[in-house]
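In what comes next, chain A is part of two complexes: it sits with chain B in the first one and with chain C in the second one.
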Partner chain A sequence: MKKKKEQPPSANKGLISVVPLGKVGPDVIRVVSDSLQGILRVPVDVEEETIIPQDAFMEGRNQYNAMTVIKFLANDRPHKSLKVLGVTQKDLCNPILTYVFGEAYMGGSAAVMSCHRLYTDQTGEPVSREQFLDRVVKVALHEIGHTFNIAHCHTDRCVMRASNSLMDLDSKLNYLCPYCELFLFDALRAALQ
Partner chain B sequence: MGRRHRLMVVDDELIVRESLAAWLEKEAAVVDKAESGAHALALLEQHFYDILFVDIKMPGMDGFALLEKVKENFPTTLVVIITAYGTVEHAVQAMRLGANDFLVKPFDPDGLGLMLAKLLEHKRLLEEAQYLRSEVNRCWAAPDEIIGVSAPMVELFRTIQEVSASDSSILILGETGTGKELIARAIHASSKRIGGPFVPINCGAIPESLIESEIFGFEKGSFTGAIRPKKGLIEVAEGGTLFLDEVGEISPKMQVDLLRILQDRVFYRVGGVDPIRADFRLISATHRDLNQAIVQGNFRQDFFYRINVITLRIPPLRERRDDIPPLAEHFVRRFARETNRDVDAIDHRAMQILVGYDWPGNIRELENVVERAVVTARKRVLTAEAFDYLQPAAGGVTDGRGPRSLHEAEIAHIRRVLDEEGWNISHAAKVLEVDRTTLHKKLRKYDLHPSEKL
Partner chain C sequence: MATTEKRQTITGFNFAEKECIWMRAKVVPVKYCDNAFDCTTCAFDTVMGRKIAREEEAAGWGTEVSRRLRADLRCRHALTGGAPASKMCAHNYECATCPYDQMLDDMMQMDHTMFGPPQYLNAHGYRVPRDYYIHIGHGWARVEYGGRVRVGLDDFGNRLVGTVSNFRLPSLGTRFKTSEECFILAREGHEAGVRSPLTGVVTAVNQKLLDQPGVTNSEPYTGGWVMLIDPMELRSDLKGLAFGIEAARFVEAEAERLLSMIADDPVAAAAAGGEPITDVYGAFKDMGWDSLVKKFI
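Showing the complex of A and B:
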């Protein structure tokens, strides 16, 4: 399929908002919002920092339940945008998985991502800031993609390819393949109608 | 994932159902959720599932019990057992009961992804193997691929093995739709000629004017339109097997020509002068009574002896009812796959109807009936409703179209008259316009008793 740049469906303000959940580096929030805006070509707002809900904390695992955080973002705070992405430094998991880089329901209104596991390589050695931010962009884009009902992709190195390890994450690119891009713009168009 | 898979998460905990289903949905799968074993079984009746993720600990039917039921009733569905109390014993028990994999909560996302990919690949390979096996069977039916568990078929398989080794001509007798060509292919596949071609010719389907050039081929210019020479099917069959289906339909002239080839093992193309060596094994088949055709002068006796060195008779389906269930199940699997329908079983009552029916069209008719049922099915299991239109056989001789042979017609008619006359021999003999002694003889001959009334 020949890659063809789609036009943004609308220039509406605040289609996607990024919410820092607790202390998150300003460069991280900036790179997430700029990348989403640049790659998806939709307006992205950065909201005020908010505290990650404490009922999401799973004491036995010392992690936060991503599903609970998503429900908090979707239901327990005023809706200011079509989709919302929470960004946290806390380690995320869900009831069945030992950890997640990010989480979103297919077609849902909220997603969450964690930077916690993105700082190091498989052996625990720190990675460059550039590589870290590249990972942040990939996880953000991937989870927002799910909220637009884009499933895991098996095309080459598309950002929507499933990544269950840092190796998977590093091996994919930080943008959508032409198919996923087409599906995403279709979904955006449908959401705006 | 290639096609859209259908998966199910069975767990009494809502949070586990939701989390796992949400994860699986991202793989572009249709994911259903069930909170109990009973709910899961109800869903399994409605849809075909590729993989079930089943929690061991559930109130009511636990994961192991559900696993056993799934493996028994829906064997093509893969099952992954999940537990938060992972112990070696649980894993061993799950695998012993047929689980395809085992997960301990919480799972490593990488492990879950790899396991899903592995199971779906396993599933794809199973489906591919099933498809390829059926394709191969269509080309080369080996005796063990022909479905038949009844005594006559077991005997037939034994005979096929015996006759395959020789090069003698074989005549296969059997009613329409009994699978004569399949048997011929099986003989070819078991013989030393398997490396050569199997060339079937339906003698009843080729017009008389064309059959000669089809079988013998022709030389360039031998007739108008013969712009280049063409090999006949006998040449094509060199080193292999020539199968003459409906051999009873061959014209007397062609019988003479074929007889000459069988005797001399050489033939000439139409318009040709050079003898060509014929090297093939002949298998013929017919549903006609060739002895009667010989008596009537329609079939040459010398040709008959030449093609009939070995006779194989394929019994009609009504004489081997034990084969109906495995055949019906085979057709359900085949048509479910070919038509992409989620049907994989026939219930007991429906099977009783199929076994009770007389199948005048034999296996071909059964094939059509099952295809129709699969295509119109609304549930995974075919029920009696799908086959209601098949009337049960009346005493094994009628089938809605009436008796097929004179012999069957006589039995049916005598029984009907006796039934009408309340088995009063004198009255029945009067209606039949025979004397009582003759009727008594017939009753003994056909072993007819009042208890057989239907």
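Showing the complex of A and C:
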């Protein structure tokens, strides 16, 4: 049971880490991490909660700048996994969008998603817990997909299709179409070599 | 971040039975695993390793472990389902230098769930993966990274049902007990509920099956997975499932039962050769859904 020696740094570590940014329900984090592993078929870890960087807060909008959060996840904290996904309850936006469900840099090492706008329908009525979790999974998959350099897809219900509204989000499913899956596997192969 | 090496314990989702191997060995009185039985990245295990190393000179460690573990010397991979439940440790829990441990780790790192098919045993032409657990109702379970369990319908079940027209998947967060119906597949107005191989909470579902239900027929053990379950009583549940050769023998027995039902002749059960047809129900519809499909699933 002694610590193994001479193993590559990534051995037995998840390729993706899920990081709660502030208080996020354990069931949400568990569903996100398990769904990423289940659907992408790569090992996923859960990291300890981290406080969302305060310099991301945009006082005039009472929202957090997703781009600042991504930079924080990618650069200001060490992580051993290939990709990191931050999950927060805070409302996210970027300078030109009134809100974002999530954001990632194409081919980057970090992505962030927010649960804030996923609890209700278009009219503001709360949706079921099942529907909420279903949305969370889709946003998580979509943003992590971008970090593997997968662009927006135009296939009917592929999870990489762009979604500007909750209706768009609800109408797609939680899987990658064959093309996006191929891009993912190519990106993974390249990253693991 | 220093915390990356330690996986969190998520309240409400962990194994009911999760005694650390050091607790099982009675070296420490109370310690529950919070690292998915991955001793190689466990801080507690590292500390205990150092402690034992210090004591090793005073007393032979191997002898001490053997003495304390005489009752239960099971391999750490048997605790997570990566090895048969009966697999015993033959290396005094020196996993770092154990060839069996290294072999299993290598297999996990090859990650045949990611890019390639699993290795199969042949059970009268039906595929039975070597490292999957099979339930009596033909659901399969595979323990994965982090203690998560992937679930689906086995090759025999898929060939029996034939062309599935649609699936009804459980909602995320649903809790199932062993042998409760956990997902439903339908064909031509008939439905069959597939029973859960183990107790746990659904934490992922494969919605691809809603768009492409045929995936489960063509790739029952890979792309045709149905859900991920966060197990609650993993160790005891796995004891009730068939694994490896035992699973192959179970499927062989089921194949013989099916053949004797269809042929209505017990002697026919001794037939061998050829590959099973891909749509048994479609070929023998007159037998009826209930008396064919539901006899097995």
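As a working rule, the second predicted complex is superposed on the first by the 181 of 193 C-alpha atoms of A that agree within 3 Å, B and C clash if a C-alpha of one lies under 4 Å from a C-alpha of the other, contacts with A are read in each partner's own complex, and residues count from 1 in each chain.
The rule we apply is simple: contacts are C-beta pairs under 8 Å (C-beta built on N, C-alpha and C of every residue); 3 or more make two chains touch, one makes a residue touch a chain.
Every value quoted in this text rests on a predicted model; they were computed, and no experiment measured them.
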### Query
On chain A, do chain B and chain C fit together or clash when superposed?
fit
#### Entry: chain A residues touched by each partner, larger count belonging to chain B or chain C
C
### Task
Quick one: classify A:26 as touching chain B (first), chain C (second), both or neither.
second
### Task
Report for A:81: first if it touches chain B alone, second if chain C alone, otherwise both or neither.
second
### Query
Is A:41 contacted by the first partner chain B, the second partner chain C, both or neither?
second
### Query
Does chain B (first) or chain C (second) touch A:72, or do both, or does neither?
neither
### Partner chain in contact with A:95 - chain B first, chain C second, else both or neither
first
### Query
After the superposition, what is the least C-alpha distance between chain B and chain C in whole angstrom?
23
#### Entry: Touching both chain C and chain B, counted on chain A across the two superposed complexes
none
## Note on the structure
Within the complex, chain C is touched by chain A residues 1-5, 7, 11-14, 17, 26-27, 29-31, 33-35, 37-39, 41-48, 50, 77-81, 129-130, 133-134, 137, 156-157, 173-175, 185, 188-189
### Task
Report the residues of chain B in contact with chain A in the complex, numbered from low to high.
1, 13, 15-16, 18-20, 22-23, 25-28, 105-110, 112-114
### In the complex with chain B, residue positions of chain A that touch it
61, 67, 93-100, 103, 105-106, 146, 151-152, 154, 162, 164-165, 168
### Message
So in the complex, the part of chain C that touches chain A is made up of which residues?
### Response
1, 3-8, 10-13, 21, 38-41, 45-46, 48-49, 53, 76, 93-96, 105, 108-109, 111, 113-115, 144-146, 148, 150, 171-173, 203-208, 210-211, 225, 227-228, 230
